[in-house]
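Two complexes, one shared chain (chain A), two partners (chain B, chain C).
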Partner chain A sequence: MTNDDSPTRIPSGIDLHAIGPYGDTLGDGIVQVSFSLPIPASPEAREAARRLAVQMGLNEPQIYREADLGYGFSFWIVYGKCRHHVDVTRIVVPKITSAALSFEEINALVLDNAGRRLRIVGACTGTDAHTVGIDAILNMKGFAGEYGLERYPAFEVFNLGSQVTNGTLLAKVRETGADAVLVSQVVTQKDVHLSNLAEWVDMVEADGLRQGLLLLCGGPRITHEVALELGFDAGFGAGTTPRQVAAWLAQEWVRRKK
Partner chain B sequence: MERKLDLDPAAIQRCRHAAGAIADEVLGFAAERTTVSIERAVLRWMGVEGGDTDCIPLVNRVVDAAGVAGLLDRGVALPFAEAVRASGLPPTDAARAIAEGRLPLRAPDAEFESAARDMARTLSAIGADRVRRTNRTRQRFLERLGEGSRPLLYVIVASGNIHEDTVQAKVCAKAGAQVVAVIRSTAQSLLDYIPEGATTEGYGGTYATQANFRIMRAALDDASEDVGCYVRQCNYASGLCMPEMATLGALERLDVMLNDALYGILFRDINMQRTLTDQAFSRRVSAAAGLIINTGEDNYLTTADAFDAAHTVLASEFINEQIALRCGLKPAQLGLGHAMQMNPWREDMFLYEVAQARMAREIFPDCPLKYMPPTKYMTGDIFLGHVQDALFSLASVMTGQGIHLLGMMTEAMHTPHIHDRTLALESTRMIATAARHLEDEIEFKPGGLIQTRARVVLGGAVGLLEQVRDEGLFGALAHGRFADIRRAPDGGRGLDGVVVKATGYWNPVEDSLDTLLAERDAEVVR
Partner chain C sequence: MNLTPLALPQDARVVAVVGCSKNAGKTTTLNALLAGLDDVLNPGVLSIGIDGEEADFWLGVPKPRVEVRQGDFVATAEAALAAGTARIEICARTGGRTLLGDLVVGRVTGNGSVLLAGIRAKDDVRAAVDAMRRLGVTRVLIDGAYQRLAAADPEVSDGTILATGAVLGTTVEQVALRTQEFLQRLRVPASDIAGDHALMDAARSASRFAFRSAQDGDVVVADSPADPVARRILESGDAVVAFPGAVGDDLLLQCAALSAGRLRLLAQDPTRLFLSVREAATFQRRHALRVIRPIRVLAVTVNPFSVLGWTLPREALVEAVRAKAGGLPVVSFDVHPHPT
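Right after this comes the complex of A and B.
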C-alpha cells in the first residue's frame, strides 16, 4: 500500500467503514445470485424468487433467467443491489504468521534446535478417498514445483493415505511418537468433514496426547480460522504449498520448545 | 473409420499383440481361482436375496459357512443346491435356514449327487431366464424409444438418498441426459458385502443395493417414457464385490457399469489377485447381460501428469480391450476410458487433447469410448470452469466420442446441485448441435502438432505394453508402471477371499453364461 500505482492498493476515497459490492459505479451494490426452487416455473414462482432476493438483502431484484427444470423444479438467475455493507476496519482474521523460509532454512532450523528429525503423520481421514491433498503436501514429488515434506531431511513422514479412521490415526501417532499430525479433508457432503475433524481433536485430548503434539488440518474448505475453532493449531486452505506447511511446522515446534 | 492421424498400423498391431499376451496371463491366472465374491454372485444368480436379522446378506452367510466347512475350492453351487433339494425350500429360504443353522451345508452324498447337480442347473437356468427377460426388455425399450444421438450424455447423481436421487435423475433426463450413474457411497468398494435394502444415507454418494437399483430403474423407465428416449442406468461393478455387482446389474437391468481391470488395485488398494480373478467372471456376466462396461483409465491422469502419462492411458485401454474380448464382450460394449486433464493454460493444450481423443477413436473404432471431463484443474471458479467444460465438449463432439461424461462447473466443490447438471447438459447440447458435423469436415495437417502428438503417444504405449508383457502384469504393477502407484501381489485388501480351485470345482452359472453368449452370437449371425 506504499506505491500508489500498485494494483493492490486501496484507492483514496473508499470508505472502509462501509464496503459493499461494486458493479460499475461505487456504491451500486450489484450482485448476482442463482438458485433453484422446488416448485415449477410460473408467475407465482417468479414472484417468489423476487421476494426471496429482497429478503436476501437485494434491492430492485431483476430476474434475468427463469427455467423450468421439470418434475417440479425451477431455476433462477437474479441480479440486485445489495443494501448491506461491512466495516472492514473492525475485522480481525487469525492468520498464520510464520515467516516464509527456504528448504535449507527449514531443515537447518529443525535440525539445529531439535537435533533430530520431526516425526510427521499424515492421513486423509473418514470416508474421504481423496489423497490428492495429503499427497501434494507429503509426497516426495510435492506440489506447484515444491518438494513435499518427505524430501526434507528435517522430517520423517508417515503418510497413511485415504479413508483412515481417527482410531487408526491415533494408534499410529502413539506408535511413532509423532511430533505433528496432518489431517486432510477434500470432498465433503453435508459438512461431514467438520464433525470428523472435531472428533479427531476430541480423541487426541481424551487420550492425553494433545500436549506436545501439533495438530494441522488442510483442504479446500479449511481456513486457519476454522481450524482454530475446531481445536487445531493451524489450518491450510486450497493452494497451500508444502513449504508453507513445513515453515510453519518448523517455527511453531521451535517456538513451543523455548 | 476415416484415418485422419496417419497412425502406424504396425504400431497398433504390436500394442494389441502385447496386450493380448498380458490378457492371456491374467485370465490364465484367474481361471485357476475363485473368490468369495464370485461364489456369492453364484448364489445371487440363483435367486438368493435379502439379509439376516443383523442385515448381513444371506449370500455372505452361506459363503462364509461354505468357507468354514472347507467347501469353497469346489464351489458353493453344489452344496447349496443339495440344501435346496433336501429341504424343498426356495433359494432365499434355504439360505436363511443355512444362516440360522437349521439346514446343513455340505457336499451331497453319492446317491444324491446327480439330483443335486440337476437342482444346481435348474437354479442357474432360472437366473439365466431372468437375464434373458431383462435383455429383451431393454431391447424393446431401445427399439421403441431409441437412445438419442451420440455421444450419450452421462451425468451422475450422488445425494446419498436414493429417493432424492430419483428426483434428480428425472430432472437430468428432461434436460437431455441419456445415462444416469448413481455414484456409490464413499468406500463402498472396500466393503466385502453389498448392503441390503433402500438406503437414504450415504457420504459422497448412495449405496449400491439391489433395492436401490430397482428404485432407480423404475424412475428412469418413467422418465424414459416422459422424454421419449431410453435413459440408461449406470453403477459400479468394481471393488471387493465386483462379481456380485455385475450380477445384480444383469438381473436388475442396469445398462452401463464401471468395470476396470486395474482401477481397484491402483486406487483402492484392493489385492491384485482378488480383483483380476473377480474381473474375469464379472466381464463374462456383463457380456451375457448386454451391459456396456466403462473402464477407468481417466483416473490415471488424476495422479500422474496428463501430458506425460497419456501413453499409460492408451496402454491400459489395450489391456482392458483384450481382456474384455476374451471374456465375450463385443467392442460395442466397451466404453474404454480416457479424459481431458491437461493444464488448461498449457499452450496448444486443446490440440493435444483433440489428438489423443481422436487417436483413441481411430484405434478402437467400434468401441463407444467413455470420455471424462476436466477435474484436476477445476478450481471452484464456476465461470472459468464452464469454459473448461465447453472446451471438453467441443473436443468430444469433433472426435466422435461415444459416451460423454458431463463436466460440472462446480467440480472440486460439492456433489452437483440440481441446476448444475441442467446447465451442463444445456451447454453441451448446444455445442453438440452447433458442431454436429464438424468431425466430418476436418482433416489434420500432415506432420502437424496433432498428428505428431498422436504418434508420440502411440509409440509410448508400444514401449510400455511390451515392457509390461515382459515383466508380467503383476511385476509391472509392483514397479508402479501405471499412475505412478506401486502395488505388491500379496498386498492390499481382499487376498483372504481368493481360493485356488480344487479339481472338483464346479460353477453351473459359468455354463449358463456360455449358453447365453452362444445364443447371443447365434442371434447376431441370424
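Right after this comes the complex of A and C.
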C-alpha cells in the first residue's frame, strides 16, 4: 500500500541504473547471508558454504560464523560482495495509490455517490481454513485499532467464512448482487492459491459478472502485482488494515461509476 | 525448422495461447509464433495477464521477454511501455483505464522487448482486438495468464493453442496425463442436436437456466434446478439443461441428484466449465455434457524445461503428449531452458 504521504527520498549521487547493496561504503556490494547445511561443521562444510556463496553471486565470501547444530547439521553466516546490480529505472511496479481516508470520509464518499450501501462478499476459499485475514478486514472489531468493514454504514458485508468453494462464492455473488468480492488465501503449498484464484476470476468471467464487480484478493503472500496478473483489480498483502481496503473500495467504485 | 505454420493455420485470425499451468511455456510459445510469422503483415500481440516482465513475480526466476519487431502491434497499459526496450508509437486508446494508465494500442517502430500489462478481462481483450483490427492488423495473438482460459472463449478468439510442459510433473507420464485432462475440458464436444441452440438462447436471454423435457418438449426457464418447475421436468425423466454461466461441480451434482432420467447438460462453451476430473467423469457415465460453441484447439506446444529445476526428455515428452492429444499437432519449440 502507498496510501500514506510520507516523502520518498533518494540520496544524491546514486546511480539508479546500477543499484546494489552496500555495507561500509557506497558501491561495496557487501551483504550477509545465513543458512544451514545438512552436514556437520567441518573444514569441508566450511568450504562448501563458501562455494555456495560464490554461486549465489558473492565475491570474496568470508565465513563470519559457523556452528554445529548437532544431528548432522551446521549453520553459517557468510559476508561477501554482491556482483549484481539492478537498473531501477526499468522497473515498473503497479501500486495501489488510493488516498488515505478516514472512517467518516469513506462512508460519506460511498453514501453520497452510491446513495446506498455497497454489498461486499468475502470468503477464504478452496481448502484454506485460515480466516484470520478475512476476519481482520471484515469483522466489526477489525484489526490494528481500526474497525472492520462490517462497522462501516457504507458497506453491507457477507462473510462466508472458510473453505468456501468458488461455486458457492459465485452463487452468493449472484444472490446478493455484490459490488465487490474479497477472497483471502493463506495456504500456498504447491501454489494451490494461484490455481484457486485463477479459477475464481475465470468463473466470474464465465458467468458474465466481471465488468460490474470489483475483485480483490489478500493474504500474507499476495502482492498487488500477482493479483493483477491473475486478473483481480487489487491485491493486499501482510499488514493491510481494514481502512486501507475500505478506502480503495470506495474510491475505485466511485471512479468506475463516473 | 519453422514450426509456426504447423501450430497456426492461416485461417485462425485471433489466437489465444493458454497454459495447463503457470510457467508451462505460454510466453515461449508466443515468442516462437511471432518469430515464425514472417509472411503475415502487422501481427498484434496482447496478454490477459502480465507478460514480458524480467522475472517471475512468484518465483523470482528469469522469464522470457516478449520480443516484438518493427511493424508489429501491441496492446498494453501506457506506463508499461517504458519497461521494454522496443520503440513503440501509440496509435489508439481502447478506452480502458488501469493503474498503469490508459490501455493503448501501439505500433512497434524499433525491435525489442515489451511489457504487456493492464488487460485483465474479456471485455478489455475485445476492445484491444477491435482497435487492432481498425488499424489493419490481420492476426492477433493473445497470451494467457496462469491457467486461465478466458481468452479461449470462442467469442473472443477463433483458435487456441495449449502450452504444456515439465512444470506439470516430474515424469513424462504425469505431464501427458495432466495435459490430456486439460484437453478433455477444452474439447468438450458441441451439441449437434436440433433445439439445443434455441434452448441455450432462451437461457442466455434470461440469464437463467432453461430446461426441456424429452417426453413432451416442454421448455421452462428458472433460477435454479431446485425451482419447482425445473424439478418437475428433471424428475419426469430424460431432460436437457442449458446454463449460460459458470458450471461447477456443485451444479453438476445438483442436476444429477434431481434427475430421474438421462440428462444432457449444455454449457455455452468449454471456458464455462469448472469441473473436477472425477465429477465430470462420474456425470458422463450416465449423462452427457455438451457445449454450444466448441473451442477450436489448433495445437499443443510442449516445454521440456521446468522452472522448478528439472528437465524431461524432449522427444519422449512430445510423443507421450501426442499419444494423448487426439490427432492435434504437438510441437516443441527449441528454446534455451533459462532465458536471461
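Following the convention adopted for this analysis, the second predicted complex is superposed on the first by the 209 of 258 C-alpha atoms of A that agree within 3 Å, B and C clash if a C-alpha of one lies under 4 Å from a C-alpha of the other, contacts with A are read in each partner's own complex, and residues count from 1 in each chain.
The rule we apply is simple: a residue touches a chain if its C-beta (ideal position, glycine included) is under 8 Å from a C-beta of that chain, and two chains touch if they have at least 3 such contacts.
Computed from a predicted model, the values in this text were never measured in an experiment.
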First (chain B), second (chain C), both or neither touched by A:229: second
Partner chain in contact with A:163 - chain B first, chain C second, else both or neither: first
Which superposed partner A:192 touches (first chain B, second chain C, both, neither): first
Chain touching more of chain A, residue-wise (chain B, chain C): C
Which superposed partner A:238 touches (first chain B, second chain C, both, neither): first
Which superposed partner A:208 touches (first chain B, second chain C, both, neither): second
Contacts of A:71 with chain B and chain C, given as first, second, both or neither: first
Which of chain B and chain C A:91 touches, first, second, both or neither: second
Contact footprint of chain A on chain C as seen in their complex: 21-22, 48-50, 54, 57-58, 79-80, 82-83, 98-100, 115, 117, 120-123, 145-150, 153, 207, 244-246, 248-251, 271-272, 274
Contacting residues of chain B [partner chain A, same complex]: 160, 167, 170-171, 174-175, 185-187, 190, 203-204, 267-269, 302-303, 380, 412-415, 417-419, 422
Chain C contact footprint on chain A (complex, rising order): 90-92, 94-97, 165-168, 170-171, 191, 194-195, 198-199, 201-208, 210-211, 223, 225-226, 228-233
Chain B-touching residues of chain A, taken from the complex the two chains share: 34-36, 67, 69-71, 73, 75, 126-129, 132, 135, 161, 163, 187-190, 192, 220, 238
